[in-house]
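Across the two complexes that follow, chain A remains constant while its partner is chain B and subsequently chain C.
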Partner chain A sequence: MNIRAVAVDEATRVSEIVESCRHLEGPLLPVLHKVQEEFGFVAESAKQIIAKALNLSRADVHGVVTFYHDFRDHPAGRHRLKLCRAEACQSMGCESLAEQIKAKLGVDWHGTTSDGAITLEPVFCLGLCAQAPAAMLDGDVYARLDEDCLGDILTEARR
Partner chain B sequence: MSVTVFVPRDAAALAVGADRVAAAIEKEAALRGVDVRIVRNGSRGMLWLEVLVEVRTSQGRVAYGPVKASDVASLFDADFLNGGHHPLCHGLSKEIPFFKSQTRLTFARCGVTDPLSLEDYRHYQGLKGLANALAMAPADIVKQVTDSGLRGRGGAGFPTGIKWKTVADAVADQKYIVCNADEGDSGTFADRMIMEGDPFVLIEGMVIAGIAVGATKGYIYIRSEYPHAIATMGEAIETARQEGILGSSVLGSTYAFDMEVRVGAGAYVCGEETSLLNSLEGKRGVVRAKPPLPALQGLFGKPTIVNNVMSLASIPVIMDRGAGFYRDFGVGRSHGTIPIQLAGNLKHGGLYETAFGLSLGQLVNEIGGGTITGRPVKAVQVGGPLGAYFPPSLFDTIFDYEAFAAAGGLIGHAGVVVFDDTADMLKQARFAMEFCAVESCGKCTPCRIGSTRGVETVDKIACGIEPEKNKALLEDLCNTMKFGSLCALGGFTPYPVMSALKHFPEDFAPAPLVEAAE
Partner chain C sequence: MSLVSEIDYGTPASRSTDMVTLTIDGREVTVAAGTSIMRASMEAGIQVPKLCATDMVDAFGSCRLCLIEVEGRNGTPASCTTPVAAGIVVHTQTERLKQIRKGVMELYISDHPLDCLTCAANGDCELQDMAGAVGLRDVRYGYDGENHVKARSAVGEVNAQWMPKDESNPYFTYDPSKCIVCSRCVRACEEVQGTFALTIEGRGFDSRVSPGAHEAFLESECVSCGACVQACPTATLTEKSVIQIGQPEHSLVTTCAYCGVGCSFKAEMRGQELVRMVPWKDGQANRGHSCVKGRFAYGYASHKDRILNPMIRDKISDPWREVTWEEAFAHVASEFRRIQYQYGRESIGGITSSRCTNEETYLVQKLIRAGFGNNNVDTCARVCHSPTGYGLGQAFGTSAGTQNFDSVEHTDVVIVIGANPTDGHPVFGSRLKKRLRQGAKLIVIDPRRIDLVRSPHIEASCHLPLKPGTNVAVLTALAHVIVTEGLFDERFIRERCDWSEFEDWAAFVSEPQHSPEETEKFTGVTAEDLRGAARLYAKGGNGAIYYGLGVTEHSQGSTTVMAIANLAMATGNIGRPGVGVNPLRGQNNVQGSCDMGSFPHELPGYRHISDDATRETFEKLWGVTLNNEPGLRIPNMLDAAVEGTFKGIYIQGEDILQSDPDTKHVSAGLAAMECVVVHDLFLNETANYAHVFLPGSTFLEKDGTFTNAERRINRVRKVMTPKNGYADWEVTQKMAQAMGLKWAYSHPSEIMDEIAATTPSFAGVSYAYLEEKGSVQWPCNEKFPNGSPIMHVDGFVRGKGKFIRTEYVATDERTGPRFPLLLTTGRILSQYNVGAQTRRTENVVWHEEDRLEIHPHDAEQRGIKDGDWVKLASRAGDTTLRALITDRVAPGVVYTTFHHPTTQANVITTDFSDWATNCPEYKVTAVQISPSNGPTEWQQEYEELSRKSRRIVGKLEAAE
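After this line comes the complex of A and B, so read on.
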């Protein structure tokens, strides 16, 4: 595999993304979202390209990327499980559910399972507060969870 | 003749299998050779009944819930397409007590219509407010909003009309309408429900705001945790553009207004208006010092209205029915209706829109039906992570801005989260500090450092290290955060902490030593 060719290709794509957002007012967040959507994270090399294209300093872009919880500096697993830890879910026992799921997956918060299938992340509120505990797997939401049904959902995802 | 069946597309319904239910109904109908038209509506807000399937009959809509895909065959067996009896049947939707006792103004269409059908929207009084607004002078629109007594539904309760007037009076080449849809408070989902269930009402409200103050561009800042709301709003905006509601000539008038959705990136503090503006500009979501007010120097330094989803979504009904109609609801200085979100450990959780003036106890025990676990209520947190914890002894507190402030709390975005007697209030106080530490933007010291010191101090109390001294220290720290922080994150974190300490002192008593127990 030609590593250099891949890198050039990535650089081209990042530049294309910046161009596609250039007409927006305050384009940086939309650009970062698109880069992360495509590559799964915002690489150091991408920050440089974005900074140059938008006439920002690398420090500016780095500062923005690190401010927001959503942006990653390394790839996640194939699936991202976001388990809600906010008060409404706490009132229905999300903390013990989280402990069970951590044990089951063998990871802590922000960890990825050894097979690379699932990254476990905390989230503070999915807006499903009357049906707690709630979680989001990739873009899909789930409510009224217990260990069994969350286990089934994860098994299904791993297939 | 085809029968219309409603299966909600709201995230709350999807989270408990609405897509599977819709697919099962379609399949079963095909199998039985029945002509069924499935409409994916918004949610009625009775979330313990989701998936709430409704069938249109000659008497009105008949409700069935909570329906699972495995129930569908038995529903057909029970002739649910003609409103037949079934153990999951609740009779006519509008007669269900939780629904019937509400006053739905902002949520009038939510759960009734297909959210993306502009035809439905028009049929149910949509765009009438905008039509009225177009026939008025902009200053009169602002006056209507002021006269309605509408106060910011995001939490601060600032009079919306006064904010609008400030922007209207400002002179600038460009003004903006920014909708704050960064609904990060736990226990709140009203913004999400309206964006997924009736997106056009928000668009209409923003267009009216634009006309009133002379703004031509709007942004809706939606948190990334709401992918369904983002998608629905995006589609609705596209439709509104095609239908001439947005664009260079709003409904054929001389006014121009366009808008777009912007997606947040997981920072709670971006629900604070100045931090949200920085985020929209592509910067770190750091809070700005005020003044200057965003109304004068907001987005890109231009005069900007920053309003919550609920405030903007209440504008069309005010412009349609008049300021007096809206103002007549409510008590004291809290006018109109408030969509209360009943959440957490509650039997009947959901969205309950009502005039201000119910007591907290009525909301929790009568409307919410008490805890789902069947255990006694221990504490109720009102207003999200920055709201105070109320014990049942304060259940006679009336739900309005002033009464809650007097009781040492806040309404915030009107989320009500119920905890049963298994809750440990020291843990909840610690969480409030921990959350503030994680989410602090870092600009001001009381919030950035105070929250971390707060966690440590609560931990010391938990371990029984000089508890009295540390409780006094915690109180002192809370005082510093309350008065020294730049925004509500650091400034209001003391509410849950101090209310927990004040109302539940037993949970802060030193843990009995293990030796002593033996």
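After this line comes the complex of A and C, so read on.
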């Protein structure tokens, strides 16, 4: 995932994605998901193509894209680390964990490490409250985190 | 006088006929089922505090201020989203509600500036009102935390949440720091206007109103209709005029003077200064909506180009000389009398204006018939909807559309032919789009892919992109399918029409040469699409046809109108809501000017001049003998002028040089006359050839009535003194008096009384009646005391509906090797007609020049790039303008607008015209396009002539 350079013409590919979802009821979100999955983010140009193809206004698509924090308007690092900051995780010390990770990676929230490997993002509840604090690296979830185990995950990711 | 106040019921009215009774604050209230508790309360006179609700848009339930309590139910539901139920007991004010509201309000104000005294909305702010209503006395949260209000924090740090004011739109500003994110603007843009240009970006505290994808208003998809500004409860979206002047103190309801929709507006005033125009919710044509022209583009009324003193000159090469009104009237009277003495009674004539009121138009035709003693009167409807008058008159018996605009709310299938409502008739366009979003089907018959074919949230079921000039063939082919596939409504036809005429017509349209498979060879419309469209219209439920100048401005304009009438009759789509034949008339009062006897062969009420009884009515009243022979039409007047038999003309409010076809012929005709009197706001193009200029007054400066496309007679009210001294009806009256006529009208209401007394379809109309009813659709008389929203309900006015054979005859204007492309013309949202008014407003930011739309294929063949200067040449002449490359037009077709005089699009158009009415064939001209370096010789010469002919003695050169 997170493939930034695409072989085929971007516009053609976005159009193809729209066509593949057109039959769905409410195709906009599935389209946005697929575009993000393929390109790593939803570019301004892609939004315009999607709007035109689905007969929506630019504002319509912009409103939906910006409503969901998960949709990005620029590329992320090769890996996205989402650290949960919801109540249960906070009570189990996620905030101090966050500070440690930020220091370790040298980035703030939403920042990407200088080597382009990792983007750090907050998330509000991964549904793992019983095993807090929790995080998600790309698609995989990790529970009962501490600094060490998070360090291992990051090292693994950077390889 | 005070401000016309409108009650905001919070949510739209319910359409249910079932009634429900409930108790609100101890009062028993009976309302239609489905009404919100908020609206029910307001109807009972109880105002529940609210911020996100307004009755122009559906309930949203986001502001949490309109909470109520219902006995026996849990919680505090929002009154806007909770419908009434029988027997419930509602409390709008309890201790609990008071606490919640105050808390909610406190949160709102904690992120809102406290600059009420210097705020533009001071005195007209719902947030302010609600803070007062809930008794907010303190905001405990302070203003140091996160906010959208301050550009910098107390210690000087930049506040990333703060956004600067967007002043890109020329008419209103967007100040995000004052926004409470109630979404009213977003919903107004979606539900009322149907453009979907606004959204809320982000979520939670980051939520902001965003035009387009976080763009400036001007760059976004916004069409500047003003619905969002009207909906905004704070100063976030505010008219620049209000910011500049301050809040208005009184207002009057009047009618917009732009297109034929005839929107009602409140002219909100401070003294004699117009602060803003706000659409009036009770206006039955617009239902509280507006477009950029009516809402904002009134600046021309006080533009520096406006001429305020009468002027005279002996030769058109002389500079103008300002004179007194008396001198001007005496000069016109003596010149006209001299010309008539020298060249005969028929040597002068006049043109009534479709921009002026009914009363003014009536007076001009009266002056010509009674004062000049001839019938040489015509009007600009000649060049637009005269075929409508003729065609519908023949088929149904009345020269007007059959429906009201509300009818579109009941339509299931709409055919739009040769009209572009979203640009030409935007408020109707929005109402149509609303219906389409509710599921109605749309068929567009137009050479160009207009916005209605596909734009956000609407899409036509069929678009038949016919070749310009083949309307009749396409419509007859539709009839072919309806007849041969047995889709017609036999019961309706037998009841309402002449069956034998139908049989004759049916046999004619069934002939194989009218089949879609045959016509597709030259119309460019595939048989499959055409058959689909015919089936959809015939069997899709209520079918309505809306058409515009793309139908009438052809050599077969009248035939096309008849073909449309045939289709409606054959499918039984006449005489009830949701159906009908609806011409979208171009000018504010073109319907009225036709009604008022502006045509050379007709007296008011469409009665032929040869009819003795009608003539007698007027002869008795006017004390003159009327000529029983029709007079000259505009093109005939110009021909006669070139021949030397027509020497003088009085033109009220029409720029024939720019708007009529074959400019060179028009200018030759005008140049050959000895006394051309132009009565207008500005030194228009026609005035370049005038000897007398009488300054006109705007719609803001006079009383009167306009009749819109749905036959609705709307009041125009004087809100300021005429800057030029006299309203137009007074000028005509004084001219008549100078010519020896004993006229003594002291108010336009007296003119309307004379119209009512002489014209049966207006018999019930008077100013007192209009005051009481607001407006009325003619006929309004003993038989229809409340007017006629829908015509031909129980039978056609002429008796039996008439089916007429519509043989397609190709126009003589054909493409060939020298002129291989077809030019068709149209207009654009922000500009109006020849642009005399809109070019003198800020609307020019949207359209500063006319462009030639050309398909990429045709452009490439000729080596033309987007924005290049191109020469546009036809058999009649040539001009230059810049190209716009787009696939909205089909290959082989080019398109332009005619809003700017420098373009001179009518130098190109030919003198071919409708066989029945002489309506010019603007919509089809064979042309060739070639790259060019700049303006043609004619454009340069004309520019020089214009400059010279606008000189006024003692003044610096008047700017165009």
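Structure notes:
Going forward, the second predicted complex is superposed on the first by the 151 of 159 C-alpha atoms of A that agree within 3 Å, B and C clash if a C-alpha of one lies under 4 Å from a C-alpha of the other, contacts with A are read in each partner's own complex, and residues count from 1 in each chain.
Basically, a residue touches a chain if its C-beta (ideal position, glycine included) is under 8 Å from a C-beta of that chain, and two chains touch if they have at least 3 such contacts.
Note that this is a predicted model, so its numbers are computed, not measured.
Shared-chain residue A:72: touches no atom of chain B or chain C. In the superposed model, A:34 lies in contact with neither chain B nor chain C.
Of the two partner chains, chain C is the only one touched by A:62; chain B is not.
In the superposition on chain A, A:80 makes contact with neither chain B nor chain C. Ranked by how many residues of chain A each touches, chain B and chain C are led by B. By the touch criterion defined above, A:124 lies against chain B but remains apart from chain C after alignment on the C-alpha atoms of chain A.
Judged by the touch definition given at the top, the superposed model places A:47 against chain C, while chain B stays out of reach.
For the contact definition in use here, the residues of chain A common to its chain B contact set and its chain C contact set are 63, 67, 69. Touching chain B in their complex are the following residues of chain A: 25-30, 32-33, 63-64, 67-71, 82, 86-92, 123-132, 134, 136, 139-144. Of all residues in chain C, those touching chain A in their complex are 195-203, 210-215, 220-221, 454-459.
Taken in their complex, chain B has these residues touching chain A: 11-12, 14-16, 47-48, 50, 183-189, 191-192, 224-228, 262-268, 279-286, 300, 341-346, 349-350, 372, 381, 384-385, 415, 417-420, 423, 428, 431, 435, 439, 441. By the touch criterion stated above, chain A contacts chain C in their complex at residues 44, 47-48, 51, 55-63, 66-67, 69.
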